[in-house]
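We call the chains A, B, C, D and E, going by the order they appear; numbering starts again at 1 in every chain.
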Amino acid sequence: MQPEKSCEKLSIRVIDYTKDHLEERECIELTRAWSWISRQTVTWIDVVGVPEHDELVELGRQAGIHPLTMEDITVPDQRPKMEEFGSYLAVIVRMLSVEGGGIASEQVSMVFGENYVITFREQPFHIFDKVREKLHNEQSALRSAGPDFLVYTLLDAIVSVYLAILDQVDDRVEDLQGEVLAFADPLALKRIYALKEDLVTIRRAVVPAREVLGSLASRESALIRKETVPYFRDAYDRCIQAAEIAEFSRDTLAGVMDLHTSNQSNRLAEITKFLTIIATIFIPLSFIAGFYGMNFPNMPIVNSPFGFTSLLLLMIGIAAVMLLYFRKKRWI
Amino acid sequence: MQPEKSCEKLSIRVIDYTKDHLEERECIELTRAWSWISRQTVTWIDVVGVPEHDELVELGRQAGIHPLTMEDITVPDQRPKMEEFGSYLAVIVRMLSVEGGGIASEQVSMVFGENYVITFREQPFHIFDKVREKLHNEQSALRSAGPDFLVYTLLDAIVSVYLAILDQVDDRVEDLQGEVLAFADPLALKRIYALKEDLVTIRRAVVPAREVLGSLASRESALIRKETVPYFRDAYDRCIQAAEIAEFSRDTLAGVMDLHTSNQSNRLAEITKFLTIIATIFIPLSFIAGFYGMNFPNMPIVNSPFGFTSLLLLMIGIAAVMLLYFRKKRWI
Amino acid sequence: MQPEKSCEKLSIRVIDYTKDHLEERECIELTRAWSWISRQTVTWIDVVGVPEHDELVELGRQAGIHPLTMEDITVPDQRPKMEEFGSYLAVIVRMLSVEGGGIASEQVSMVFGENYVITFREQPFHIFDKVREKLHNEQSALRSAGPDFLVYTLLDAIVSVYLAILDQVDDRVEDLQGEVLAFADPLALKRIYALKEDLVTIRRAVVPAREVLGSLASRESALIRKETVPYFRDAYDRCIQAAEIAEFSRDTLAGVMDLHTSNQSNRLAEITKFLTIIATIFIPLSFIAGFYGMNFPNMPIVNSPFGFTSLLLLMIGIAAVMLLYFRKKRWI
Amino acid sequence: MQPEKSCEKLSIRVIDYTKDHLEERECIELTRAWSWISRQTVTWIDVVGVPEHDELVELGRQAGIHPLTMEDITVPDQRPKMEEFGSYLAVIVRMLSVEGGGIASEQVSMVFGENYVITFREQPFHIFDKVREKLHNEQSALRSAGPDFLVYTLLDAIVSVYLAILDQVDDRVEDLQGEVLAFADPLALKRIYALKEDLVTIRRAVVPAREVLGSLASRESALIRKETVPYFRDAYDRCIQAAEIAEFSRDTLAGVMDLHTSNQSNRLAEITKFLTIIATIFIPLSFIAGFYGMNFPNMPIVNSPFGFTSLLLLMIGIAAVMLLYFRKKRWI
Amino acid sequence: MQPEKSCEKLSIRVIDYTKDHLEERECIELTRAWSWISRQTVTWIDVVGVPEHDELVELGRQAGIHPLTMEDITVPDQRPKMEEFGSYLAVIVRMLSVEGGGIASEQVSMVFGENYVITFREQPFHIFDKVREKLHNEQSALRSAGPDFLVYTLLDAIVSVYLAILDQVDDRVEDLQGEVLAFADPLALKRIYALKEDLVTIRRAVVPAREVLGSLASRESALIRKETVPYFRDAYDRCIQAAEIAEFSRDTLAGVMDLHTSNQSNRLAEITKFLTIIATIFIPLSFIAGFYGMNFPNMPIVNSPFGFTSLLLLMIGIAAVMLLYFRKKRWI
């Protein structure tokens, strides 16, 4: 046994439990896991990192797992799905996380049979540790239930992450809407596109996960106990809710985009209106000024004593009429 | 028995009835409700407020209610749904109310079995009181029917609220459309967005409620008597209607939004057109005025006796030709 | 018997027929209708106006009609639907009519059993009279068929009205499209919105009516004879066609709206282009004129003998170059 | 027998065939067709034109065809459909043709039973003649097959016409897209709307025809031999393809419309940009010129010997700075 | 045997294999292929080029292949589909390739029965050679499996090409989005339309291929062994993923299009704003300059000693107020 070697690239943790007993081991070799699985107790093998292909194939051969399943686990961009292969069920979903402001997504694979669950993921994350802590508690429902309940608990934790992240995203979308309604934030476009991409990432995780949970909740399989079905149904309902929130956020975001576009053109319209009014008032006045700047001798009124005053009054009159007209038209 | 303690945070009311007899009690302890449920009469326990989790679990244990159902009741943002658990049916819908101009939405949970209905809601509202009054009337159909009919009556009252609120919202949408058609209300955008949000709230209540009622109307369950099915079907039809009205209001609102945008750009277009016409007429005239303002000696016609008059006529001619051209093009 | 009293608010007409015999009575009391229904002949009771609730309930009690059906009949804004209640079928559809340029819609309810049809409507309309005339003709297929065929005949007449009205509306939409394609009618927007509302009214009648006829055409019910099924199927096909025409009209109207918007912005663009060209040509020329209007002594060329002529040629040259550039750019 | 009379308004052609034998007659009376149908051979009665209603009804009575079918045949704007009536199948589809640049559509009805096919159409068209020629060829598969295969051959010919016309339309759409991408064709809008209408006509023929062929391909009917089913399935596949091409053409056309709109606004934007740059450069210069046109005595620099030169340099400097600013902003 | 003759227009390659034995021959005559097929071993006949119709029909007659299938193979623009004909399954899909920057698509037909696979394609392509190399390897799973597994291997290779090409296209779409977000690339429109067309080509191959693989994965056919079903299911999942990526790319591209349009109008808005501000400031100043350019004698302040200075200060004051106003309005 060389746990060190395995642990260089992989972190493998085995938890073997019954109602009364629990044994936990870290960093064993993947190929030796079979000895645990073949016991009558429930065994959870949690693999973090990318296992070597040969080791996986060997484990698959021992545990009776189809090579296609093993391939799906190692290729990291699978679409979430659930497949039944006689003696086991394979579930692939995506975990979401917030990373540097954006949403990242990562594949989590689960294979479970009569008395074992094997989970594969690239990165460690907190929520699986919480499930492990629960397992250590002898009173926990997990301890007396089978591997299907462990799978439910893990999937439910993942759906909770979906809902938490969607809450955040939804808040950000609503904040953005508020700001855009208040005035045109020049960076709004970038923020809209960033949120749009986040929602695409989320939807690509949540929508097929909903199908996966729907299949698990309605499945007639010896591997899913009758008592566990309501739990999967509950997780399914929450995942439907997550998909709906994602849909609503997307709609709201599309509305914010429209609003932003509309804001920008309104802004331009306001400036244009200002120019228009200034220009429209001064154009006739400037013409009159230019007119009396012509070098014709003996232009009318130029030499009359009230000429200048009348001209001034004419100019003021024209400006006033214009302003009244604009006011009447509700342009100002 | 310490009803006072319970009543601090909760208002619990128990109504126990048969055709001939009715007993009502307020503010009992939740955990003592079981003694009522276990009677052969129909018992309605109406809980207003958020019950303590432990009490709920205890009640659930006594009444044989699944912990998942109890969890759904306490978590307030459930998606409306209906679930059957052997001895009882759990129904979650959302109540709508008008609050400060906007629409608020609140979860209402109902659990009903062979001879009891338990309802949970956060706020008291009028329509449940009306049902209670009906119950006090010995002639009421409610008194001789089972708990399924009580559930129907409550759900039907909720659907009536949906329809009433939709009527109001639809009126507001049509008013807004009228105003926007008449002229560009500067606040229209804010009102459109407020109505849009209201319609989202309504749709999130009505659309899944329709599914819930559809399931109840088509369910083969010992808990729903054959005589009650047409009633659920009727409530289902009304909820379909509510969903359709919400859809139509949304479409109309989208049209109002388009109209508003179009109004705003038409308004700007009108101002721009005005400027354009003023400017286009005066630009050549101002050029001529500027031309004769040049300090060249011996400019043509300047010193001819009819020079000034001919220039004036030229200017008037140019303006007239412009105006005729605009008229011909239907621009003015 | 006090027919007068009933006729104040209601017009009730009873037609009782077999192949060989027909009896018609007007303005009887609603509550006495049962004596007709209980005969072995086919009875058609045609109620025009809003009956008193109590009378209806009494009739329902006699004829074995469920209170919910009676409620649907009296509440005038039901969604079109069909419901089977053991001994009878209840059908609710909407009649359309052209009223003051717009489309009005009104509820028509039909209840039919083994040997009777009861129809309820608020307003009298012509097409039911035509069916009555047909009934008076002994050779008519109606006379030898059952109440299901009478219901088919009435529904088919209503679908014919749908198609006729849709034809009108479609023509108006196409006329409008032609006018909008030709030039921007300033009232087009109002007409588009009026037609849009008409199409909403029509769709709210036609779409659920299609479902109703689909149910009738595919129903395994003792109340619908095998020979009548092809007729309902035919009416169903026509109603599908009506729904499709409504859909196509709506699409066309959306296109007209786009066209109108595009027309309006093209119009503004044309005006703007005109201003732009005028302004762009005169701006440099006016600058030159202004330049030589400066009061500097000894400005170049001012005092040269060909100064003025060269300046004039420069101005004409600038204008010509501008015009050629615009032409090359295909702007004019 | 008065074939002349019938041929005035109708062209009726009867082809009666078995594998070894074929008889063809033109212009017989419709009501005498039954004598042909009742033979054991396969009979194709091809009616071109609108038959008199009474003759049709009489034929229907003889051949056992339902009056509703006969009505569908005479009313020319039926929606394509297929109906089974015990002893025969009725198929209504639409033939498309290119007429004066646009697409015209016309109803073709087929009724076929154990040993006959009757086809009705308003106009003669070439493709049915081709099928007739094939029938004259003794080696043709048509001759040894039943009426269902003749119906397949006719429908397949019609689907071929759909595909040929769609090819043309698709080419026209792509040509238009090319032209619109190259520059804004002022007539593009009219051409887009003409093509849009053509596509509507095509879709109204193709989409329901697809359903008709789907029903024929999947039908369990004694009238459709097992050997013919793959042929109907093939025609069904081609009709799906036609519907998809129509869909894609419509999408492309919508894209062309967007492109046209965008082209037009870009064109305006280019002109506006040109004006803007010219105006922005000259506005300050004209101000300076106007400034030094003021009649103040002793204006600065006016009388200095380098005054004019410095002013000229200032003007050139301002213009240069503006141009550099525009270049930096990538506006020119 | 004249392989040369066949090879002029066709390249035909026959591979006949069992677990232990493999024989490969090139350029045989198509009509002699039947002698290979009739052996008990698995035979793959790979035809590259367009075979002569008569030879195909002869082969079809020998191998019991329906004439319709043969027709589908020779007509090159079939919609991808799968059809079962008793003794064999016919599969038509489309191969994609990158050609001169754009995506080209080509039909690949496969017919497979109990012990043979015949593939038809117009162009040679690399991925089929790879499968042939695998066949030469005795350890390969292909050698011990049946023709269904060979078909899976070929289809899976085609789906891999879909995914690889979609990856490229998706990268190009994202690059374009990045560039368009950074600034308005004048050629963006052309690139958007080119990518749009590529995605149409891809979707027309991928979407129906998904249906084909779905049918193969769920088919109850003696020709598809139970062991092969999970493989087809896996290929089906990958094809679903390909269709989803195509969908997402299309959505992103639509977003890029919007962004481009928005960019262009923002660009114009920026220029317009600049002009507006310049013009609005200078219009009143120019008027004042023009005013004092009028040739009235004794204009006010003209002859006062501080006249010029006060006027200058007035002008500076007006410009400053304007700039402050713009700043306050956040226009600059």
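Basically, contacts are C-beta pairs under 8 Å (C-beta built on N, C-alpha and C of every residue); 3 or more make two chains touch, one makes a residue touch a chain.
All values reported here derive from a predicted model rather than from experimental measurement.
The chains that touch chain B as well as chain D are C. Shared numbers divided by all numbers used gives the overlap of an interface; between chain C and chain D this overlap falls below half, so the copies present different residues.
We define each chain's centre as the mean of its Cα atoms; on that basis chain B and chain C are separated by 26 Å.
With centres set at the average Cα position, the gap from chain A to chain C is 42 Å. Within chain A, contacts with two or more other chains are made by residues 265, 272, 279, 286, 290, 293-295, 299.
Residues 66, 68, 72, 78-79, 81, 83, 85, 183, 189-190, 193, 196, 200, 204, 257, 261, 264-265, 267-268, 270-272, 274-275, 278-279, 282, 285-286, 289-290, 292-295, 299, 302-303, 307-308, 311 of chain E are the ones that touch chain D when the two sit in their complex. Across the interface of their complex, chain D is touched by residues 177, 181, 230-231, 233-234, 237, 240-241, 244, 248, 251, 255, 258-259, 262, 265-266, 269, 272-273, 276-277, 279-280, 283-284, 286-287, 290-291, 293-299, 329-331 of chain C.
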